[in-house]
């Protein structure tokens, strides 16, 4: 490997990690504006044009506020937890492909952080780590509200991860691979029965998509599944005791998770960076693919925001009932259906 | 559904009926149960005939249909496969049809029997199970699969004889049937072991082919094998000395007696002997034994039948006697004739039993013929069909029994050696048969009614579900014999002989040295047997219908010892009881009291005491602390490791 | 290079395993074990078993150990209190057993490590690391075992439910 | 040798982890920690299996580990359920204090 190759690898891994947090800044602004629009009020409009500078200002404030640690807290874990949250959120994006393999000046550059053979499982593994950031935050704060939030969160995330991974198994089955690049490639071109539709997984596996997307809300602790931080009951749940930028870390992690979940949904069910009828090549192709993925992701991010400001929160028993008695069976049915489709395809 | 239906479907139809009726029968009520039971029987009849009609009309070529591999152990392999050849086709034709008729009859019979819903469902479930087992037995292509059916019909026989299990005598009769059959089954098993040891296979095709091709090689072992097989046949087909179970088996409901203990199951032994004719023909001594046993049984049971007063008992002994005839035919080498008699017998004996059931109904379950009389007027249909069947069994032309029985007699007349003696005994028995059969007809249907007032008031013809099978079987008793007209009626008059001829496979080195009997001899033999039958008939009519039984009573009075002996069935049951049952019961008691209670229990109790004693001390090792256990466990692991490392 | 990574990850795993055993606080113990298992997962990747590595993280770190934490939080178990009753036999014998056992085990493993038979049908590194190849084996040659394990999991699920359920007041 | 890791390294690590597990299981009094030690021992065995699998170039090591992980999940679920039930009764998970089942 030459130095250039090392540089490319480094860029592939580091760039997403650097860029994603940057996206969060406008995203917070978008969320607040959309919320305001839905609630029929102006929203942030003072700092900068259209209030665009509101978010940077908030971040500045968070950085400069006093960082407090409760006296009875377990210091080490208390400080560790938010870092873990951000780390987990950032790691996930490494396996989302944002373009085809580019050939530039004799170098083959796959537009993906790491094209793992067990790609999709990696996401779930990282999700498993992310639980710790919440559980630890809840436990180390030594506060009953935080502890309740932590317990709720661990139960909720484990429950919904089941439905989510079962739904995703349908996609894996159809693609015959955990590799996300394979999953994107398999969705290129037109639908084989209805040629005017793209060959996206959402059409044969609509219910799988539904389960995946709903579970994504639960996994990111967003409304209507934000019970771990339900303010009316638990003050702020697992991050009640956090302040300043440590609180900001959780905030950051949540938005990164929203982006990643949207990108995953787009990749698994809506063809990822691919556009029906368009065959990218060269740098232009790479940029176009990137934009396609960004557009699809942006759409789902907007859905996230829209849902957050529209639906009320579930009760805890409703949450568990939905996850175990509705989503999991639906995901299993979807898996069976996909298996049937695959057998039919093989038989033909 | 594909046509032609595969053979394996046939046994499955009644099995399905059995499953439905046994699992759901009690919940679904009588009409559903009868619909399922009779429907299964009817369906299997239709299915069987869909195979049989092309077979009868066509080439008669043997069809073997393998279904699945069943057992494979080293180089021993048995398939589940079914066989349709003339022999099994003949059996199949009347097993299904007569079976169906008897199912229909059973609806009427069991309705009058005041059965509970559960009992009713149980009855039909067992009947269907019986059909399943019988079809398996008939259609099997290997001795092992036949044995499955063989045991299956035995089981059903046991279950159905003991149908009224709350009555002591019925339960005892079922037990007796089971135990006596076990003795025969043991013989069959030994025969099967012998066949496997000698031929290395249990498939008919392979065994018979090897035997026919190399008679000399298997000559020495075949007598033993055939004797064992025949012991099996003796048990199932109630031959002397294993016949004792059949009269007692009349404790079951009458349709059962008709189906299992007259028409189908008891003829399985004859079927098996006919099936193994290649083996038997290579063992002439055993053939002679078969003939003698058959002939003796025919006579022996015939004499007992004379002095019995229970309608069904008389019929039971006559069945034993007729089965003896069949074995006589097989024993003298006339296997097709034996099978012909199996078929005609199925028709007229089923008819007789069903008629007896009808009478029994009318008489409020009384079977003593001394209480009957003059039923002719009250039950015309029963009377006419019973009469037809009686004439058939008595051997009056042109009824069915005449032709088959005459063929047996003429075959034994032709046979070398003891042939003439066997013929004479057979002839005498034929006269006896005519006598005792007409005795019961006379006592039952002629003269005046001798029963109680209530019975007289109750007398009635049976419902149509019972009379319909009677009529069909009565007609069959008339015409079934016409399939096997003797040679004097023309070259092609005998249909059944040539049809069954392929079953009698040629054996290397054995010439089929059959010379047709001169027509004059044949006419003469027929005339003699008709005369004997007619005189037996006349005698019975004269003594019992006209004189009202004075002469026989006088005879019985003048030889009281002989009469008592015959009426007590020669006290064979008592003899067996003294010879076998009591010694075995004593032995079992001894084993129980000494070996079981003293030795085995003693050893066990001593062992248990030692364990308890040890436990009293060792229990202190159980500290209740998991960590102690874990430590002990790891110490053991270390010992193991030391051992392994040391070995390295 | 890879050996370096492996040894580093292995040292990390051993270190945190030791911390797990030594620690007084059960929550810390669980967290130490999480780190240890994570390091082990890295070892697995280097041993050409990426699927097992991911399963290790998902099942052990993501499910089993979270369950431990969950139970610890639910029961709110505190630190281990010093035990009044000393049990010298257990402690001494236990320590002795551990030392002897470790010595024997390491000695034996050293002895076997050098004697490896060469398999004729060996699979190359690409094949070993391929999850699809593993899946094909699981669903063909090992299908019965797979189904048996699924039944076992169901039984465990029911068992856990029955055990942990509170007695309902009538 | 198919991978680039020497088998001796793997076995050494595996043995060390297993011994640590044994120590934990024998010397700790906290049921949870004993349980964790048992899990550690299982993982040590897994590591050895994977090492041998890689050294021999066969999938069987991975297959066994796969099943071990599945069974470990079942075992953990039932074991923790037992602890929960036990804790409700005795208010402790110190195994020295739980010794009802003795002579």
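Quick notes on this one:
To keep things simple, chains are lettered A, B, C and D as they appear, and every chain counts its residues starting from 1.
Everything below uses one rule, namely that contacts are C-beta pairs under 8 Å (C-beta built on N, C-alpha and C of every residue); 3 or more make two chains touch, one makes a residue touch a chain.
Keep in mind that this is a model prediction, so the values were computed, not measured.
Across C-D and B-D, it is C-D that has more C-beta pairs touching.
Inter-chain spacing, taken between the CA centroids of subunit A and subunit D, is 33 Å. Subunit A and subunit B have centres, each the mean of its CA atoms, that are 79 Å apart. Once the centre of each chain is set as its mean CA position, subunit C and subunit D turn out to be 5 Å apart. Distance from the subunit B centre to the subunit D centre is 66 Å, each centre being the mean of its Cα atoms. Of all residues in subunit A, none touches two or more other chains.
Multi-chain contact residues of subunit C (touching two or more other chains): 51, 55, 63, 67, 74, 94, 97, 101, 105.
Among all residues of subunit D, those that touch two or more other chains are 22, 26, 29, 96. Under the stated contact rule, the graph of chain-to-chain touches falls outside the line, ring, star and complete shapes.
Of all possible chain pairs, those that touch are A-C, B-C, B-D, C-D.
Listed in rising order, the residues of subunit D touching subunit C in the complex are 2-24, 26-30, 32-33, 35-37, 39-40, 43, 46-48, 50-59, 61-63, 65-67, 69-78, 80-85, 87-88, 93-94, 96. Residues 22, 25-26, 29, 34, 95-96, 98-103 of subunit D are the ones touching subunit B in the complex. Listed in rising order, the residues of subunit A touching subunit C in the complex are 77, 116-118, 121-122, 124-125, 127-129, 131-132, 135-136, 138-139, 147, 150-151, 154-155, 158, 161, 176-178. Looking at the complex, you find that subunit B touches subunit D at residues 619-620, 622-627, 630-631, 634.
For subunit C in complex with subunit A, the touching residues are 27, 31, 34, 50-51, 54-55, 57-58, 61-63, 66-67, 69-70, 73-74, 129-132.
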